[in-house]
Amino acid sequence: MSTFGTLFKVTTYGESHCKSVGCIVDGVPPGMDLDESDIQPQLTRRRPGQSALTTPRNERDAVAIQSGTEYGKTLGTPIAMLVQNKDQRPHDYSEMDDYPRPSHADYTYQEKYGIKASSGGGRSSARETIGRVAAGAIADKYLAAVNDIEIVAFVSQVGDVSMDRSPRNEQWISTLEGVTREGIDSTGPMRCPDLALGEKMVKIVEEHRDSHDSVGGVVTCVIRNCPVGLGEPCFDKLEATLAHAMMSIPATKGFEFGSGFAGAAMSGSKHNDMFYKDVASGRFRTRTNYSGGVQGGISNGENIYFNIAFKPPATISQEQATATYAGKDGVLAAKGRHDPNVVPRAVPIVEAMAALVIADAHLIQESRKGAKSFF
Amino acid sequence: MSTFGTLFKVTTYGESHCKSVGCIVDGVPPGMDLDESDIQPQLTRRRPGQSALTTPRNERDAVAIQSGTEYGKTLGTPIAMLVQNKDQRPHDYSEMDDYPRPSHADYTYQEKYGIKASSGGGRSSARETIGRVAAGAIADKYLAAVNDIEIVAFVSQVGDVSMDRSPRNEQWISTLEGVTREGIDSTGPMRCPDLALGEKMVKIVEEHRDSHDSVGGVVTCVIRNCPVGLGEPCFDKLEATLAHAMMSIPATKGFEFGSGFAGAAMSGSKHNDMFYKDVASGRFRTRTNYSGGVQGGISNGENIYFNIAFKPPATISQEQATATYAGKDGVLAAKGRHDPNVVPRAVPIVEAMAALVIADAHLIQESRKGAKSFF
Amino acid sequence: MSTFGTLFKVTTYGESHCKSVGCIVDGVPPGMDLDESDIQPQLTRRRPGQSALTTPRNERDAVAIQSGTEYGKTLGTPIAMLVQNKDQRPHDYSEMDDYPRPSHADYTYQEKYGIKASSGGGRSSARETIGRVAAGAIADKYLAAVNDIEIVAFVSQVGDVSMDRSPRNEQWISTLEGVTREGIDSTGPMRCPDLALGEKMVKIVEEHRDSHDSVGGVVTCVIRNCPVGLGEPCFDKLEATLAHAMMSIPATKGFEFGSGFAGAAMSGSKHNDMFYKDVASGRFRTRTNYSGGVQGGISNGENIYFNIAFKPPATISQEQATATYAGKDGVLAAKGRHDPNVVPRAVPIVEAMAALVIADAHLIQESRKGAKSFF
Amino acid sequence: MSTFGTLFKVTTYGESHCKSVGCIVDGVPPGMDLDESDIQPQLTRRRPGQSALTTPRNERDAVAIQSGTEYGKTLGTPIAMLVQNKDQRPHDYSEMDDYPRPSHADYTYQEKYGIKASSGGGRSSARETIGRVAAGAIADKYLAAVNDIEIVAFVSQVGDVSMDRSPRNEQWISTLEGVTREGIDSTGPMRCPDLALGEKMVKIVEEHRDSHDSVGGVVTCVIRNCPVGLGEPCFDKLEATLAHAMMSIPATKGFEFGSGFAGAAMSGSKHNDMFYKDVASGRFRTRTNYSGGVQGGISNGENIYFNIAFKPPATISQEQATATYAGKDGVLAAKGRHDPNVVPRAVPIVEAMAALVIADAHLIQESRKGAKSFF
């Protein structure tokens, strides 16, 4: 459903053509500085029209906090936030509406609910993610206060142009250690930390755009400075809730953390991360990090990193030989311009979902630490 | 935590050396035939010692239903099930206990809880999965009654020996269509439907066993005959709850469904699944299935299939240069024989978690269908 | 926290002086007619200033649906609703703010959260209930469609003027059978179905108002035409979730259903409700209804009825000898006019919470009925 | 359903004639001393056959911890506990089984689930409460460690013999301050702190027993030393979760806390609890406690006290003129001896449910306190 989290709990609402989209964030710790300027930057990073590569609609997406703060401080009560929709009228019927768009959610929404928003997939619209990003920005701020926890996502693949994400690749590990949101945004429209690859990715997206096609990609995310001990086995292991969060983002096809699918081909003697005591920091650490910062479902203090596969956007303006809801064969040609690639815009969404998971896990672990102090 | 699901809800308990392991399954629909003979086969498939390739301990793992049935019918009340542990004594201290085992859960459990079962990772033990498998067997039976829903998992990769899992590979699609649990079990110890590859996998596992090492692998699962309409956007999309379920299984590193990570490299024009009306069955179907049976988070009636990456088991009997809890460098050598590869045993665990997710999604959708009938 | 329900799930937000108050209602069955005109009447019944007996502030409280409907039909997606606050500025400091108001939530909010809305109790403000009433109106509409389920609340006591609520009193049972919302509203400002008692209640409230005091009361609620089988033992028995819902309303001190506290004094031979088959309706019924329509936590098809005790409002304009937060003795005198009695305004809030509980229980039972049809 | 709580979470199972009854308690803080001797005393207080006034069956009810502890310490993992049933065979059919017992759960269970345990109400059996009591004993131990929190319940009414529970009655307030479990148990079979009334209660129960009838009563519970700040508005106010917990106990008809229903008749000027600083303890306190230790849904540090009404047991051995399931009028006469009054046995059940609520609220508040410390 539309609520996520146990103690840090977000509930979202809204589709493309209703009055507004937004969320209620419950369980935000009280006494934290917070106003719209903490939320808006991530919403702005999420919105379309930021470059020639993404859809040119200009959505302003200005967030308004409705409740839960006073004089710029959180009260511990639910924080509602909303963004007005510009286009609030249901979409008019056209012949194209006789067709469920291939690989879109039109057909499944119609079958599940027996009714469907005129705009198509309803909650499968990308506008649904606005509530997530707004909520995630609050979680972000909390995590920075807690332990300087930093969450940074970036594009590591578009089509077949990919960074070498092998956990044995030292340059990759060093990228994970060093990337920042500011740095990523300065690299250009693809948000890829490797500038040369970023340029190739731009070309691939342009080619797909010009041939009325679309192309998929991979977003990688790293969480740094996460304290040891987060995650709730056995069902709410940290990787399980991260996977849940990421796979709930529209258009995702896969999730892997640490060594990921490559780890399946490895031997234990290579994959095991040996421990050592780091003299400088006094921290107990591992020499390698194939584990991806999580062991037994619990964070171990190393960088948590994971990759999310995004499929190519389903809406393309090529003609497609498909069938109408009534089962009649025909040709569907979507009109207008469509996003040939979504992964740069997915970056703040991934960061938001990661922040929500870590904030919730952190609060739960705080309850245990407090409790344990009594005996 | 240790409860999973909304209406079909399982709670598990138990670690290696306590009295018993088991679960309570709440929300099982009433009036269904059920006794231990429905549960035991999957537990037996899960247990170690089934071949020379897995750990030779002979655990009988006989399940006993405690409640929730009478005269072989479910009552609609919670069904508790338990399996006695053979070794109920805490493990005695040895010098090896000074070391957190690399890439195991010893260190993170100790840090999270401030205490640790003598047996090591406590709930990260493979015995924790017994409760899942017992619960999943009930879900299985329900799903078979509901719509002849079939869930079959198998090993598709060990080390670098892998089936070609490309969704463009017609043989792969045909394997997904045809595999059965009985068929898989008849292929040999690796539970790989490709006999030639299965033999190669055996060799790889034997090599690792002989060199006191371990090796990872991939389990693939297919869900057939799933009705259209399951999954609860936006946070509980079917792929999101499947990912959560799968990534909560010990030793998993990745989850992908449909085209998965390969889909990230594809173009929309290739990836989109065109619709058609199947005259024979009268069903509205898709010509290809890159979507993996789920669109917009909701099942579309096609086969749901996904891959789960398992890392190599962390416990190996090679010497490992690591550190003690106290931070002193040293050499750890695990004693005894250890499982060099777990993926064949993971097969029924994957099936169980898939069944739990689908049963829960099915019940939720039934509530909506019933409700909708009133207007 | 601020989310209530399992399948029919409402999340509320807002306090007195923020931008808006409202809610997100998730899980509303799709395809139901719904627009603001279904919501507004109950909000209007809830608002203050309806008579000389209640606080004279004139809040318009016009609700705006933000999402989840199109062309006047529910889509099955979350329905957000909001009501603008007229007074959006935090309240200015006055000397009175040094005092936690006696029996109000000022002190406990300050201690729990370490911060407090300037308006005082934050979420303990009566404006918090707007979201509940809006959500309840949707549940109401669903329940009417389902089975002509009717939920009617009314005032049965103010101060020591009370209707005879004994379950042996035939007139009382007949009142429960016959009351309607329209009828109740036509009785005058107290919403008491006994006109003579209603007039006495008015006098009591006037006396308290004139002496700068306040007075408590009791609201009774009846649910008619509830189908047999709702409620989820053992923890979510129908009376348990109703009690939870009712005791979450501000200023409540008690909940009893059926025979209630009077039942504690009775003998089993008198209290047991004998069964019979009603020839006219073909229904299996009970001759008496001390059970209050629920047996073993599950509805039995008889009228469900319960009473909720409300304390006298804590804010009075008499001088009160109390202490400041700093612990200094002093005298607090609240300024302005305050509601001397809240029970008539509580009537739609009680109805809303009852509707939310029954709608949720109904959806859960629908899931079971659908499931059971498969075997 | 059968799971209760958010962080301190209990799931129970079992009915009268299955193999065992028990529970899984998840979220118990790690590192706490715990073995069966902490659990058994409350189970023993709960069991029948303790005096001539209760049913003479001698159930031993010996609890066995299955998991979650090692060397007498909690591990932070789920603690499963079970008690064997002595009578594990389904009950044989008799003519009496054609009748749903009046005011029992036979009819509603049959209608809800379409099947029914032969023993009758299945989970509505009193044996269901064993899991609650076992879980509550763990919560008790935690709460004692946390803040010397004490929870004591006792019988304050049987039939029409009642202690004066008015919050204005100083002797009542002093009883709430001073009662202990040991003291209560020493008063005799009725567990009433007023010895003279206790003797009258015994007579009433004997009279009902001798006339093959039953009689109801009231249990009062007090929670002392509860810290300020527990409870989660707006839906999970402390009184709301306590009400939920108490009204989920079989045979309950009402819940009131603090001034309760009597408070509805009071004026605000009398009901408001004035604050003062207690010099000796340094605590901020209230001079009266009509609030019952909770204001705005949050504990204020004063004693939390509440009353729960229990109806007379439905099973009586008098002949009852009722109807069969088939709707045929007839006479039902229950055989055997039945408990004429259950309130003394309800005492440990009430304590257990109170402990579960407070432990859960305490853990949630600890998470907030920990979080807040970061800014």
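Residue numbering begins at 1 within each chain, and the chains themselves are lettered A, B, C and D in the order written.
As a convention for this text, a residue touches a chain if its C-beta (ideal position, glycine included) is under 8 Å from a C-beta of that chain, and two chains touch if they have at least 3 such contacts.
Note that the structure is a prediction, hence the values are computed from the model and not measured.
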Contact-richer chain pair (by C-beta pairs counted) among A-B and A-C: A-B
Maximum centroid distance from chain A, chain identifier (CA atoms): D
Chain B and chain C: spacing of chain centres that average the CA atoms, whole Å: 45
Interchain centroid distance [CA atoms averaged], chain A/chain B, Å: 25
Interchain centroid distance [CA atoms averaged], chain A/chain C, Å: 39
Per-residue overlap in chain D, given as positions that touch at least 2 other chains: 1-3, 12, 30-31, 76-77, 112-114, 123, 233, 368, 372
Complex contacts: residues of chain C adjacent to chain A: 1-3, 9, 11-15, 17-22, 24, 26-27, 30-31, 64-71, 73-80, 82, 90, 112-118, 122-123
For the chain D and chain C complex, residues of the former touching the latter: 1-4, 12, 99-100, 102-105, 107-109, 111-114, 121, 123-124, 128, 157, 159-160, 162, 208, 213-218, 228-229, 231-237, 239-248, 250, 252-261, 263-269, 271-277, 284, 286, 290-292, 294-300, 307, 309-316, 318, 320-323, 325, 327-329, 365, 368, 372
Of all residues in chain D, those that touch chain A in their complex: 6-7, 29-33, 76-77, 142, 145-147, 233, 362-364, 366-372, 374-375
